Amino acid sequence: MDKVIEIKNLTKSYGNGRGINDISLDIFKGDIFGFLGPNGAGKTTAMKIMTGLVRPDFGDVKIFGYSVSEEFEKAMENVGCLIEIAESYQYLSAFENLKQLARYYPKVDHKRIDEVLELTGLIKFKNEKSKKFSLGMKQRLGLAAAVLSKPKVVILDEPLNGLDVEGMIDIRKMIRYLTETEQTTFFISSHLIHDVELTCTRIGVIYNGKMLNVESTHTILKNYATLENYFVSEVERNGRVPSSID
Amino acid sequence: MKLKKKTVMLATFTVGTLLLATTALADIASKSGYDELKDALKVTAQQSSETFDSFTLDYSLALKDNGKTLTSNNETSKFDRLKGASEGSSSGVSLMGEKYSSQTYSDKMTMIRVSDGDPTYYVTEFTKEREDRSFTNPFKEDRADDLEKIADAIVGSLKDHVIVTENPDGSKGLAGSLSELQIPSLVNAVASFQLKQEFNGIQTQMPHLTKDVFVKEVKGTAKVNKEGVMESILGSAVLSGKDEQGTAHDISIEVLVTMKDINSTTVTKPDLTGKKVVRNIAQYYSKSEISNPEKFVGKFKNDILIEKDGKFVKVGQRFIDITHMENKLVEGRYYEEYKPGFEEYATSTRDIEFSAQFEKDQRGNANFEYTTESGGKGQGNLYIDDFHGKVNFNLNNRNQSPRGGMMFDSNFTPDLD
Amino acid sequence: MAVFQAALINEIEKLYKKKKVLVAVLLSLAVIVIGQLAIVGVRSGLGLRGAGSLEFPMLVLSVFVNTVLPLFTALVAIDSFSGEFTQHTMRITLTRPVSRFKIFCAKITAIMLFILGALLLLLVFSVLAGLIFNTNSATLDSFSRTIFSYIVSLFPMLVLALGIVLLANIFKSGITVFFVSIIIFLTFKVLGLIFSQYSSILLTTQLDWYNLFLVNSFPFAKIVRQFLIMLGSGMMLFTTGFYLYDKKEF
């Protein structure tokens, strides 16, 4: 299988003691990888390093073989992402916001912009300034931006934030659809166990800045009744060790 | 790749720093034409007040309206620094169209003045040698440094309008010109307003500019010899505007100053034999000292008056008898004398001996303390007025309370009878 | 290059869509109108000409480069950096396949274009106002010098912008950057007055360097020196600013 994302010994520590410690991870083509962990476990830090927003203290991330820290443009060429809160330029309309991004991809034209607006259900608000958008609409716009360039890899940090049930179902559908039709690889972080169970094909558990285990959803569900059981047992098995030191 | 980026950044930063540092140093070291001009002026002022034994300054000014001369003035001043003497002649045409000329001579002991219209030589003789004042260095005055800074700030970006040409013999030419475009609008407005007010103020012969007044051009050239002394400086300015009738005027001012005959100028005192001469003795000369203090030795008096039945009646006299006076000290006696029949006013007749020191830097002003016969103490003040030949005398506690209608007078005139 | 172009177009679009540019245009026109009214007032009130048709643009420029233009350059530069830092919109661009160097350059270029646009706009309007309302005093030489003066004013403004960008990458809040910029600006002005013999190395003095191009003799050496000083400080400010920007975490 093709290695799409290769994370090696990734380490980053912040002053407050939080951060990530020696994370290594490989993501393969067609994966819908679920990055599961409680709040503050280091999910966002890892994803920020993957998208170049933060520099690691140690280690590196390679996407399609290109190092994020050294060959950023090439590494990001086939990546779409949504990190933390979906941001947009408030004074620009939904269309203009996407148009801004489209300029970086020669293949993306106005038709494609309309397409992703349709896909995320925002087409009605195409020409409205994002200032007036609700949290959910902003999140949809962020997702539209992430998939705009038909990326081969999509990195999503808590993509279901602020979405209602209908929205969650839409997004899940979209993810499935893209994996099936365009062989898109997804790297999704979430603290919602149920959601990860429904969406992802492979699951990695991060706890206290450390990667505990990576396993396919299929295998997990063979051995455990639910993903929640697996998560709890993983944390019990590994997580207690560092916490007992405290 | 990462290393390369850092190297490039570091290199760029270093090159930038070096570029900034070297050019900044070069820029500070390099002198603008304006600085050269300032240096030349300083050297010239310093040399002429301290080094040159003698020199001649020529000064001429012309004011023209559309090319027609309104007024002109030529002056030649010769300075002999060793003798402390100077000689000057001035001639020209006034705004009224009248020609005039005059000569002056001055040395440490005399000052002579004569003019065309009146062949009388006015001679002022000084009783004491004056300080050498033939030429003082203006850059050594108090606050000259501050004024220079202010001038620098005002000149600001115009500094580079002065061009320097260096000649093979080591002398330099300085030239500068400013057209209306180059003069900052604010400077132009202030200057033209000043000039307009000045021209329109008093002289009726001047064209009165009322509209569209502006400074059209300012030009200057100067020659500096190889010793750095300015030999000549020529400046001209053109003020343009329209009068009430709408006629356009270009009023130009030209000033030329040249310095020549350095160390070879001779100052000669005019020969007064057979000439009509009016002499006078300088009454004063020094700021802080009275000349010929001994002339004040003697009696000064004034009348003691009272008002009675609607008339002034003299009841007696006050006297000051100065027995000794020199530059720092004045001594004497104050007393009052009453006429027969008015002795009742003499209840507090004073007879005071005083010895007063002149206050430093206060010409003719002296304070003293005294003790009366009855043992009372008091303070007094004495002022020697050598402009009017009078003495002003005050006893401090006396002034406020006139007794029995007696009028107080602190002014004493010499008793020459 | 295509990526840089995209980034630049984006920056220009953002600048244009915000109301700032409109305000800048209106304020520039206001400066011209006020200036022209002042001239008319001086002319009828004091009988002075005030300014001729080409002195007027120079008057406008001399006021503009020391007041309105630095102010707007500061606002635009601060908005482009501090504004996007605090609103987290910087991330939108940063996670696209475009290097931080290109984004940084695109932002600087956009600010430069803004300054250039402001100068050209001002030039056109002040020349028009000058020709319409003032006594004609234009010659071809003085006209070309006027245009040149406006164009060369871009350089010191750009250095100023780089300085503000550096500050925007040091301080978190845009307001802090703004006030620190103003304090530094005023300090430089005062220093320039007190130490006028060294003032030519201060940026605030260089804002007036267009005057050098008005000198009849064209003081080439002086112009080159001033240019190199600006270039040197520009390089230092640029690299330091970029170094901090590149290191920043979002």
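Each chain gets a letter, A, B and C, in the order it is written, and its residues are counted from 1.
The working rule: a contact is a pair of C-beta atoms (placed from the backbone, for glycine too) under 8 Å apart; a residue touches a chain by one contact, two chains touch by 3 or more.
Computed from a predicted model, the values in this text were never measured in an experiment.
**Q** Which chains share more C-beta contacts than any other pair?
**A** If you count contacting C-beta pairs, the leading pair is B-C.
**Q** State which chain is most central when centres are taken as means of Cα atoms.
**A** C
**Q** Would you kindly tell me how far, in whole Å, the mean C-alpha position of chain B lies from that of chain A?
**A** Each chain reduced to its C-alpha mean, chain A and chain B end up 86 Å apart.
**Q** For chain A and chain C, let me know how many angstrom lie between their CA-based centres, rounded off.
**A** Centre-to-centre distance between chain A and chain C: 42 Å.
**Q** From the C-alpha centre of chain B to that of chain C, how far is it in Å?
**A** Spacing between the chain centres: roughly 48 Å.
**Q** Spell out, as numbers or ranges, the residues of chain B touching 2 or more other chains.
**A** Residue numbers touching two or more other chains: none in chain B.
**Q** Could you pull out which chain A residues touch chain C in their complex?
**A** Result: residues 48, 51-55, 72-77, 79, 81, 83-85, 87-92, 96-97, 100-101, 103-106, 145 of chain A touch chain C.
**Q** Tell me, which parts of chain B touch chain C in their complex?
**A** Residues 5, 9-10, 12-13, 15-21, 23-24, 26-28, 30, 32, 35, 149, 152-153, 156-158, 160-161, 163, 177, 179-182, 184-186, 188-189, 192-193, 196, 209-214, 240-241.
**Q** What residues of chain C sit close enough to touch chain B in their complex?
**A** 42-43, 46-52, 54-56, 58-59, 62, 101, 135, 137, 142, 145-146, 193-194, 196-201, 205, 208-209, 211-212, 214-217, 219, 221-222, 225-226, 228-229, 231-236, 238-240, 242-243
**Q** Which of the residues in chain C come into contact with chain A in the complex?
**A** 2-3, 6-7, 9-10, 13-14, 17-18, 87-89, 91-100, 247, 249-250
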